[in-house]
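Got a structure for you, questions after.
For clarity, chains are labelled A, B, C and D in written order, and residue numbers in each chain start from 1.
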Amino acid sequence: MTPQNGGIINGAKTKLAVNIGGIAMKNPVATASGTFGFGSEYAPYIDLNLLGALVVKGITLQPRAGNPTPRLVETTAGVLNSIGLQNPGVERFVGELLPGLAGYDLPVIVNIAGDTIQDYGQLAARLDRAPGVAGLEVNISCPNVKKGGMQFGSDPDMAAEVTRVVKAGTGKPVIVKLSPNVTSIVAIAEQVARAGADALSMINTLLGLAIDLKTRRPVLGNGLGGLSGPAVKPVAVRAVWQVYREVKLPIIGMGGIITAADAIEFILAGATAVALGTANFVNPRATMDVLAGIKRYMIENEVQDINELVGAAHR
Amino acid sequence: MLITDAVVINQEEIIPGFFRMTMSAGEVAKNARPGQFLHVRCADALDPLLRRPVSIHAVDREKGEVALFYRVAGRGTALLAAREKGDRINILGPLGRGFTRPESSGKVSVAAGGIGIAPLYFLLQELSLINTYANVFLGAATKKQLFFSSEIEALGHSVFPATDDGTAGYHGTVVELFTQNLSDTVYGCGPAGMLKSLCRILEQYKIRGEVSLEERMGCGVGACLSCACKTVSAGENYRYSRVCVEGPVFPAGEVVWA
Amino acid sequence: MTPQNGGIINGAKTKLAVNIGGIAMKNPVATASGTFGFGSEYAPYIDLNLLGALVVKGITLQPRAGNPTPRLVETTAGVLNSIGLQNPGVERFVGELLPGLAGYDLPVIVNIAGDTIQDYGQLAARLDRAPGVAGLEVNISCPNVKKGGMQFGSDPDMAAEVTRVVKAGTGKPVIVKLSPNVTSIVAIAEQVARAGADALSMINTLLGLAIDLKTRRPVLGNGLGGLSGPAVKPVAVRAVWQVYREVKLPIIGMGGIITAADAIEFILAGATAVALGTANFVNPRATMDVLAGIKRYMIENEVQDINELVGAAHR
Amino acid sequence: MLITDAVVINQEEIIPGFFRMTMSAGEVAKNARPGQFLHVRCADALDPLLRRPVSIHAVDREKGEVALFYRVAGRGTALLAAREKGDRINILGPLGRGFTRPESSGKVSVAAGGIGIAPLYFLLQELSLINTYANVFLGAATKKQLFFSSEIEALGHSVFPATDDGTAGYHGTVVELFTQNLSDTVYGCGPAGMLKSLCRILEQYKIRGEVSLEERMGCGVGACLSCACKTVSAGENYRYSRVCVEGPVFPAGEVVWA
């Protein structure tokens, strides 16, 4: 472990480096797809080099205009969104956006989504050739698109099939992002693991709805949306806890993390790394504050290596 | 583009439900341009969770002060209104693309509907600094919501009031009143319906104009794509632009109205 | 409609009476099982006669001691509980608690839970003979018990089987209470409807977990718990919305209702009645405040009959 | 058993993190009995959501005032500490079963660990009204956390301090000190560990005692079964009692310790 991998505060050495299915992260704090754009949007507020990993907005084969507005509405301690995977498509992503990230010293993970299983294969193959991609996060859990999305993540066999196709298309680490909108997230995780996934990330948003009392219609232009933020944290921690017990893959935990205490809760439940989504909207420096807080907790509790904490609540 | 803990200098209820709040925030005052906004954390707890976008209403660069003018629309703005002198408020900004300067020649107008005067007042401050004086069409439901007429006149501009109920000035909409007094450039802010009809007039008479839009926001910095609005550029099919970075001010001709 | 069934405010007459699968409620505001005890606990704070219906704590065949403590922990805008169906058993319920409710002019709905399908049948038969029971709410969605509970609610066939057994055991209206912890709540609802349910109630709690950073163990004595409160409202409204579209049974909507606006959101989504759970903890008069707010909304919006609003967001 | 909007009369930080708050709440003052508690709404928004149980610490029936004594343990109590004179606080209560009166003859003791003095102070107020004077064993981690000694003595009781660090009084636990000064009746409140060892001593010496317990609460009125604690009555296997209605005060012999 090199010195950059850790931090020395008050003379104590805390090892923060983690490995997510072959992706070396200097610390366990990543950004959640779709909430952090392509990184540069937040560069005025934080030093991106200090992040454990950057997970970019979901990318599809073809450009997408996204869903009608409104696309976002606040609920109690949460946010419902239906962005609808607006993105420039994989070609423009590789040509225009990826090069801008080359200057940073951090793993870039590309979140991919498809309408069909073939889409996923093509995306994997295209990104396998792209320089500067540390790994893929396979979004089989987006509640905001008509075709594909959550559908793939709700059926263990389809989830496995998508995983196999992506693995066949790339030599890079493959993280499969799971949906909480299922009867058994463990059953999905098991199939995805068997199909060759290198890691799991969870949770994507919970399917939700808000209705406007004035118009008497759904608030969001698209009707249903995905719920994120502190409201969903107990559900997310539970999902990580359940999957950690049964599946031996590293987990990126997310869903409602605002503070370091939240992040540590996920790690104790079994997450090797964490990602912050909605928190960035509340506080653009949230990732840095969480990182600092994790270090402080480790020092105060004499934890030398963050990996000691992973899944500690099961022991 | 900063995160600042601004200190409340003054909080004033102009008429019931409409507040002007002045904050000490030197760097923001220095960098702000008319039409930009702040993304304001209204609560300390996690409910309400998100920041609220509020336009920069006025700036005093010497004192390092920034003012907001806002209507209590819900829980976030109600919490904002509860802040008192000396309280700290976490603000993000200045954010977004503001108004562009008018051509050096030509008559300039400003069309404000209700609370829409919020960002336009800052624009009027800046225009008078470069000795450009505008016709200001102030529209409101009723007389007492014609905000800041005398301050605007004190800046050297001419005020043309219009009220829906005829209690002051022209009895009708601000857009009708503007149509009777066309100019070369116009800056507009107000309810969507008003801006839509303003844009139609501008197109009809080929007048250069800019309008400031609102959309629900997540990040405020261009990262989440929540604040999309449909726009077109020459020859293009529509696309979704982000109100928080490509806007909130857009050339009138680029906005696609629903 | 008798005068008591409505309310006259400012000269406007608002009809508030609804019917839930044969249970006549004078207004659409009920209490959620497990949060309102057996009614008398709240009698010092509100006039129980003004409630649309009283749904009592879950009852099992045999008395239950419940789960180890702590049984409740607050999360952001929510509550995780694992009471574990502590209750005196059906015999003592019928003998000691039910008679105390006879004096009130409101339908008493008994929430029942079993370890086995046979349990449900026996409970239904026992309560069929008990005086003062307006209907049964069949809890196939409790996340806090080892056997039975949510398991029955996660499998469409088992859910249907429980429904059939209960229907066979009683002539009283049968409301089946659905779990949100499933891939398709519509699929469960459809089977339950086919099996003869008279109404549906939804949602029970979301399966969640909180971990204590000091002990590094789950906070609740039982580990996992059920999440309720404002945090879950968007998920609950979505569930009601989805089921209303596909299943023609009246719905009692619940999950995070605190205000009248929340209640109206459920009604617009398709709920014929609503129930308040966690809200009672925050404000013992919450049911009355919600009822007053619904009336106000109806008057302001010139809605003569609450039934006009049911499912209005779909139109 | 009321829902009241009490008005804060005074908020005093006794030592850092420990507050005494007096509220105007006439009906509560009139009905409250020692050992009962209030279920306090700390936030106006929905986060934190639940009420917080806090013992009634002192009562002034003439003025219609009720005092709480509390430690800032987390977000709820922090919000409580931020309330100022004139603010309104929604309280539910008085709730629960309080202490029972001591037998007319016999020596009475009170054993308090740290913040545990909160409900016991009210008991001591009431005891001195019936001319019953107690030995008060005040335990704390360190001297400055020995709360209200002089006030307690002013009520006519005798104070026996004990500190873990020996900075005042007996160097050791309050239970050890009590064991050296046994009495006929004892009332205890404090951390679970302290109460557990107190109950063991009481059992050993067959002393009548009552202890006030804490458990996380939902409703506070007996409806939700969150606040269960294991108890036994004669000949019975254990059962779960509700701290909010069967307690918070239990006969020492009925509590089943983990």
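Basically, a residue touches a chain if its C-beta (ideal position, glycine included) is under 8 Å from a C-beta of that chain, and two chains touch if they have at least 3 such contacts.
Keep in mind that what you see is a predicted model, and the values were worked out from it rather than measured.
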Inset, instruction - Determine the set of chains touching subunit B that also touch subunit C. - result: A, D
Inset, instruction - Would you identify the chain whose Cα-based centre sits farthest away from the centre of subunit C? - result: B
Inset, instruction - Mind checking the centre-to-centre distance between subunit A and subunit B? Centres are C-alpha means, answer in whole Å. - result: 36
Legend entry - Averaged-CA centre spacing for the pair subunit D and subunit B, given as whole angstrom: 55
Inset, instruction - Name the residues of subunit A that each touch 2 or more other chains. - result: 76-78, 230
Inset, instruction - Send over the residues of subunit B in touch with two or more other chains. - result: 46-48
Inset, instruction - Pick one for the touching-chains graph, please: line, ring, star, complete, other. - result: complete
Inset, instruction - Spell out the part of subunit D that touches subunit B in their complex, as residue ranges. - result: 43, 45-48, 75
Legend entry - Footprint of subunit C on subunit D - complex, ascending: 1, 3, 41, 46-51, 92, 215-229, 238-240, 245
Legend entry - subunit A residues touching subunit D - in the complex, by the definition given at the top: 76-77, 230
Inset, instruction - Using the touch rule from the top, collect the residues of subunit C that touch subunit D in their complex. - result: 34-37, 41-42, 44-45, 57, 65-66, 69-74, 76-79, 81, 83, 86, 229-230, 258, 278, 280-285
Legend entry - Residue numbers on subunit D that touch subunit A, as the complex places them: 46-47
